[in-house]
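Below, each structure is written out as structure tokens.
Shared chain: subunit A. Partners: subunit B in the first complex, subunit C in the second.
For the complex of A and B:
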């Protein structure tokens, strides 16, 4: 498979602040990649660089093998949907759609109709008057109907309720299957997209913490529950992502275990649970944020009590 | 859909949306200004009308300037988000500015002809045919209307571009720099007692140089500066 997006040693500094710190990553063509991370992790900066909105301070960025900055031929094949998209005063919904139809060669006008109906988006409404959710949906409509070989969604769901978000995921998946393309999606709502994404990239403080296939990642960590002594004994020598203790019971999240260890755990009477992507993200990033992993555990324990 | 001309045209069309506001508003405002002046003139006695002209035409220049500031401040970030490159957007804006300036120049010239033919709209009002603007040659007349419009458009694009690249701080810095340079020059001229010579130089120039030649040179300089600014501007 060819690569749709590659970052090689990419850094971006804003004055003294480092938004991206020597990021390297690759997104293969025709996959859905989730770009995850906390606020300020560098997700938006990375997306702005790969869509040619801003330049990197150093490093190489390639989209379909070319530098995206000011690359006209390339940028007609890239659609960037961001919650911070600015619309000129006086623009109505239909104006935005008309503009998009001029600028994206694969624009599907028929598909637009059904997407508008999904949300009851009024064509004649000035964009400035739309609610937060409706504005987000307008971005979704543009992003899907543009059928751009690389479609980048930067937190496209702001203001959308759970039903609308599900509608977006369903629409995205259906259209992705019918018209395969590369989709890059940044989000905080990790579990909502965990079935959608094939690749997961986790950014934290401008660095790539995790870059793996979603399938592998789901099997990457397990939570071991049981008596404190047994858990302590069993998890010694493993990378502990998180631990908490209530009374004599302990729960410890560790990195992937082999088959033999699974069997060993059961023999010790320990309970093994797979960890959701969201929990894995929280555990992985929290561990970095507070070097003493006990801090996170204390908080959780108090909650449990 | 992928030709260079089509792309430029599309980038220009973004700036015309919504069409009614952006293309008819300048003329609507000019129309109101015209109507007010017409009313005032119809109340004046013949002797008061004799040598005057109105400044109503200035409104269209102001609105024209504002339209190009809007292009940079509002339409540019939208266009960038839709995959238009800076270079393409700039090219489209510059071509639109030149085209519109000429078109406006032609319309203003035609209105001047009507003004002449109707003896100043029946009330000896000189709204379009302002004394120092009047040229006998139609082409020169169109230039005299069009070039200052083009200049204002490029001032707008440049100032808007500075805002996009450096924000309000950039615009303030620019304003301070312009005031400092002009003030410095004025001080220099006063100190060296060059005012008479300078005045003489201006009097020696043909109206065409002052109304079309110099503004065209200034517009070209601003167009270049605007391009350099926009090349690295962000949405």
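For the complex of A and C:
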């Protein structure tokens, strides 16, 4: 499989702040990749670099094998939908759509109609007057109808309620099936997209903490609940990610178990639960939680290296 | 097929999916198809939903659905008719039944006995209970 996006040893510094720190990652063509991380982890910076909006301080970035920066031909194949998208003054919904139709060669005008209807988005409404949710949906419409070989959504759900977000996931999945392409999606709502994405990349303080197939991650940890003695016996020899106990009831999160161990747990009367992607991220990133001052100091040492 | 209802799909308690015990989604997809063959809601030589249909229905990545289907193909449960779709192989039901019988004791009898011990039931009492259920 060819890769759509590759980062090789990419760093981005803003003054003394290191937004991306020697990031290496590959997104295969025609897959959906979830880019996760806490606020300030570097998700947006990474997306801005790969869509050619800013340059990396060091390292190599390739999109479909080419450097995206000031690469006009390449950028018609890349659609970047960002939550903070700005539109020219006086632009109405139809202006945005017309501009997008000129920009993207695969633009599907018929599909736009059905997407607008989904949300009751009025064509003649000035973009400025749209509600937060409607503006987000306008971004979704552009992102989907552009059918760009690389579509990048940077937290596209702001202001969208649960129903509208589900609608977005459904439309994305259906259109992805009909028109396979590479989709990169950054989000905080990890569990909502965990079944949708094939690859999960977790950024933390500008570094890649996890880069794995979603299916592998799902098996990575299991929470065992039951009587403390049984849990203790069962989890001995496993890597324990987290334990808590109340009275004689214990709950321990351990790294992946095999089929046979699952059965063994059931025979012991223990309860097994999968650890949601969201919890796994919390467990993985919370440990690295550092105050802002410490992060700044860290960035300085790296720069002087 | 006996799928979960679409409305029941986001049934998650505290961020955990209710039906899942940490097994990969593709395994669960494969098991659901097997179950529908086992309970005869899909007959042998009948067509099963496509990868894309499964993906849309379960709201999962098509690659995940494909992995489930491919596992069933490798196990000889499904076979592909080029340009038409996936079909249930002859003898698939018996094969699934054999395999599940092997796991029956481990999956159902073991936990039953664990709970029974806690409640102070002896084997004789349990046997009686099962007999009584059979009559009802």
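Throughout what follows, the second predicted complex is superposed on the first by the 263 of 305 C-alpha atoms of A that agree within 3 Å, B and C clash if a C-alpha of one lies under 4 Å from a C-alpha of the other, contacts with A are read in each partner's own complex, and residues count from 1 in each chain.
By our rule, a contact is a pair of C-beta atoms (placed from the backbone, for glycine too) under 8 Å apart; a residue touches a chain by one contact, two chains touch by 3 or more.
Quantities reported herein were computed from a predicted structural model and do not represent experimental measurements.
Aligning the two structures on subunit A places subunit B and subunit C next to each other without any clash. Once the two complexes are overlaid on the shared chain, A:140 sits clear of subunit B and of subunit C alike.
In the superposition on chain A, contact is made by A:266 with subunit C only, not with subunit B. By the touch criterion stated above, A:177 is placed in contact with subunit C alone, subunit B being left untouched.
Touch criterion met: A:100 reaches subunit B, while subunit C stays clear of it. When the two complexes are overlaid on their common chain A, residue A:49 makes contact with neither subunit B nor subunit C.
Of the two partner chains placed around the shared chain by superposition, subunit B is the only one that A:85 touches, whereas subunit C remains out of contact.
Superposition on chain A places subunit B within reach of subunit C only down to 27 Å, the least C-alpha distance between them. Under the contact criterion defined above, no residue of subunit A touches both subunit B in one complex and subunit C in the other. By the touch rule above, subunit A contacts subunit C in their complex via residues 31-32, 166, 169-170, 173-174, 176-177, 191, 195-198, 214-215, 218-219, 221-222, 257, 262-263, 266-269, 272-276, 278-279. Residues of subunit A that touch subunit B in their complex: 51-55, 70-73, 75-76, 78-80, 82, 85-92, 95, 98-100, 102-105.
Interface residues of subunit C facing subunit A in the complex, by the touch rule stated above, are 10, 12, 15-17, 20-26, 52, 55-56, 58-64, 67, 106-107, 110-111, 114-115, 118. Across the interface of their complex, subunit A is touched by residues 1-2, 7, 10, 13-14, 17-18, 21-22, 70, 74-75, 77-78, 80-88, 231-232, 234-235 of subunit B.
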